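Structures for review follow.
The following pair of complexes shares a single chain, subunit A, combined with subunit B in the former and subunit C in the latter.
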Partner chain A sequence: MIEKKNLKDRTLGEAMQSQGISRRSFLKFCAATASMMALPPSMIPAIAEALEKARKPSVIWLSFQECTGCTESLTRSHTATIENLIFDSISLDYHHTLQAASGEAAEEAREAAMKENWGEYLLVVDGSIPTKDMGYSTIAGISNLDMFLQTAAGAAAIISVGTCAAFGGIPHAHPNPTGAYSVYDIIKMYGNSELDGISSASITNNSGGSVINKPIITVPGCPPIPVVITGVLTHYLTFGTIPELDHLGRPKAFYGQSIHDRCYRRPFYDKGLFAETFDDEGAKKGWCLYKLGCKGPTTYNACATTKWNNGTSFPIESGHPCLGCSEPHFWDGGGFYKALSIPTIDIPTTAVYAAAGAAAAGVALGALNKSKKSNADKKHTNTTIDDLEKE
Partner chain B sequence: MSISSSVLDSFNIQSSNELTWNVLPLLHQIKHAIDNLLENNVNEVIDLRSIPLAPGEEDNLLKILGQGEVKAQLNALGPSEILETQFNGVWLITHYNDENEIVSRHIEVTFMPDILFSQKQDIESACQRLNEKLQEKLQEKQVNNTTDSEQDEIH
Partner chain C sequence: MSEIEFLNWVRGPAFEIATVIFVAGVIIRILEIFFLGRKPNLAEAKGSELSSGLHTIVSRSIPDRHTFKRSTFKIVSGYIFHLGLLVTIFFYTPHILLFKEIFGFSWPSLPSTIVDAFAVVSIITLVAVLIHRLRDRVLKFLSTPGDYLVWLLTILPLITGYIAFHRVGMTAPTLLAIHILSVELLLIAFPFTKLMHAFTLLIARWYNGAISGYRGVQS
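For the complex of A and B:
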């Protein structure tokens, strides 16, 4: 037990030194970390200094109504050396898919980690939380809602991994049969006392604590990009703070710009060159996929730069429109292959006349896109087998 | 052959010069960085993973930069390759993991990339290791001398 305590108390720098990892290797690790966290390379010395002093935080990972795609994304990212070092530098005390223990032993591990690190552990959640009938999703006989509220009460911060935890995702899609909500919604509802049937025992424990006002970092995506998940964990590990977030709680480093703005096909959009079908001349020449339903203009994520499968490509590079999976209600957005809006102006001509005019047109199109997405969401109707057969 | 070009070949994806709009601005950025290095002694690092490059653009950029006089390889948490391009002071640094997958790729405009310098902490550790080695040798010599003198006494 003493040995375990000593290991936990070691800084990352000390842990690396004891493993015979050279300072040069550590600098390489920091260079890869800066790149992963989307920080400028000039931050590498600051990252090295902070990481050397960082101590292992306890992490409890809860999986609720989910498909395990988020965990798959993370564990199959294949950048073994770097990610192993990061996972060596956190104490993943509970993750029911990955841990060896099961049943009561697994739950004891969670409770022990909570007790030992009350107020200091990171809570990672993937999957949405059902509220209609507590029996829809349980772990060891504990409803997802109870387990979340118990565990969240002692967390230093909550990281909602994947669109289901971040925004409700597919379980929340119309007609939402399980009454699924995101982590943020649950905390908001709890704060407003809108949830019925929750016993007081489920929201406080021996140490007291409340789930209200916990910092929440949302890391949406279906699934999220693996390095974005590890990037957020590493940011916390490095600086001990949560990264700068946008209005939806997403780290700006990864979700600060739209897919459209960072897309290598953007110049085709600006020239008004669009693929009209998946096999026309435009598609073969790699033109913009806007008219084929690309949700890049309303989607904020790092796919266009970080890319997938170790930087090989991303959906648009493979010739498929962006589905907008890191945005709220993406499943109810009106059809993956329906264009957000068809440009009603001659973009190239406008661009030639005045840059300011083109910028204004861009803003107008953006507003139209958002309005169309919102309307599609409101007017959502169920797709039937008949509809599918017609197509 | 790089990963991206082999993927393009296997799927017969056509990439044309029309797509390479990022190459020219990047070359201008490198030119400004060289000016800054010469005039103000300021280093600059460009993270190629942070730039939305079209298929083939990275290959085009690396082809233009070419290979210069220096090529160094590291073996630290997986291999790394440090190349001075044909434009002196412009270095291409590629870090790989244990499975030879690229984990980061930077262009550094500097007199010498930091990663090539021996680190003080590593030198201190090396000094300690060398000292231990010398002590070990000294002890071996003392043991040998003792054995020799014992044998001399027997004779």
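For the complex of A and C:
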């Protein structure tokens, strides 16, 4: 217990020393983070100083309707990187995928962390939240919705990790059988509801709080890039604030540019050189994957710059088109291998039906006009002088 | 509605609606023209309708010297923006993919920078065409609201396409959705406006030539 407390009270700088991370590599990390987040180089010492002194923030990580891909992505790293260390150093007080405890013991840990750090802890959510039937997804008998609202009430900020938490993701895809919604939508729908009625709200110091005004940072991706979340945490630890966000709540530093604009295959797009299939000459030469359904032009993410697996590559570099996984409703955007300019519906069939219907209507209208004309001809009578004199 | 939902809607249901109206509208209007019928010509044919009709379809594309002198601006600007439309619509890769999806075959594309240049020239020319229409008193008098609507519906896809390609002002999905929507508006209005000339042009030219051919005179 004493050992645990000591670990918790350690600053990041102390934790790094104990892990044998050199100051040089730490400063390199700070420089890289500053550059990624589009901060001026003058901020590097400030980042280093703030990180060294930072005490581990308490983090509660809730996983709802998700596939654990986000946790896998954010925790899998083959070498002991500083990104890893930041993950290791944050007090993950509750993460039911990673923690050893289960059942009531696990819930007690969450409640204790909430009590201890009310108003200060970061709430990380992955997975979407079902609303159709509370029984669709529960943890220790608590519905996802209740658990989220209770925990969000005392959070300093909420980080929606992964496309499911950020935008609803795959569970939200048509026809959305569980009535799944993103964190942002849930806050919009239920943010004003008083928490008094919720059974375990009394565990908090501030029961009855509203969650509506909590800042929400969305870190979408299926899964999201690990370095993006460390960047967000670094920003939070350094400045005590959340980074600048775009209209979808995504940190601009990482989601400010589209994959297409930063893609190394972009010159091929401009030259009109495309891979037609996955194994043709164009594919071998690394030409643009637009025709194979690449969603890079409408997708904002940092894959093309930060890359994956310690900077090894990203999907397009591996020869596969971007799926657009960091955008809302990417699952419902037609086929993954359908180019963006192709409609999501079967246009040829629609056109054939429309043409057949129109041809039939045209012929019928023509026949109607003809019969009208011939009727008019039949009824036509010549006016004689006698007719005119009748007046 | 989020921007991707908007994009999915214009790529899905909205495209379907536009296609049905465009295809059905064009076919009904063409059939309407054909079913108007012609009274049988009792005069003896003095030449071939077919060859003269086909000849006129091509020959009327070249203005005669006097017409060219009289309406130089109209003819040159008309050619420029129609050529620009031809290149931007039919030689830009994303557009060719759409045609391939519909017709099942494709053709080579041009580099996007070249298509871009054609789009810019077309936009400038269409603006010049509008200024000319407003400044020419006779043309202005003859213009109907439908003419201005057709001008707007023609220039909109060019402008929105140019902006979507260069990503100015809004996010890429929104810009692409607006561009596709502008094309859908064009498709919907097509059968009910002078845009129908794209189809009726050939019929009218052939008919003019055929009449002359039947009479045995030069068209």
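The criterion applied here is as follows: the second predicted complex is superposed on the first by the 276 of 391 C-alpha atoms of A that agree within 3 Å, B and C clash if a C-alpha of one lies under 4 Å from a C-alpha of the other, contacts with A are read in each partner's own complex, and residues count from 1 in each chain.
One rule holds in what follows: contacts are C-beta pairs under 8 Å (C-beta built on N, C-alpha and C of every residue); 3 or more make two chains touch, one makes a residue touch a chain.
Computed from a predicted model, the values in this text were never measured in an experiment.
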Considering only touches as defined above, state whether A:Ala32 meets subunit B (first), subunit C (second), both or neither.
first
Regarding the shared-chain residue A:Arg262, is it in contact with subunit B (first), subunit C (second), both, or neither?
first
In the superposed arrangement, does A:Gly334 touch subunit B (first), subunit C (second), both or neither?
second
First (subunit B), second (subunit C), both or neither touched by A:Pro41
first
First (subunit B), second (subunit C), both or neither touched by A:Thr305:
first
Is A:Trp118 in contact with subunit B, with subunit C, with both, or with neither (first, second, both, neither)?
neither
If I apply the document's touch criterion, which positions on subunit A are contacted by subunit B in one structure and by subunit C in the other?
none
Interface residues, subunit C side, partner subunit A - complex
2-5, 7-8, 11-13, 15-16, 19-20, 23-28, 30-32, 34-35, 37, 93-95, 97-98, 101-102, 104, 109-113, 167, 171-173, 176
Subunit B touches which residues of subunit A in the complex?
21-25, 27-29, 31-32, 34-36, 38, 40-42, 44, 78-82, 85, 262-265, 267, 284-286, 304-306, 310-313, 317
Considering the complex alone, what residue numbers of subunit B touch subunit A?
3-4, 7, 14-16, 18-19, 21-22, 45-47, 49-55, 57, 74, 76-78, 80, 93, 95, 97-99, 101-104, 106, 114-115, 118-122, 125
Using the touch rule from the top, collect the residues of subunit A that touch subunit C in their complex.
167, 247-248, 258, 260-261, 269-272, 274, 290-291, 297-298, 300, 324, 327-330, 332-334, 339-345, 347-348, 350-351, 353-355, 357-359, 361-363, 365-366, 369-370
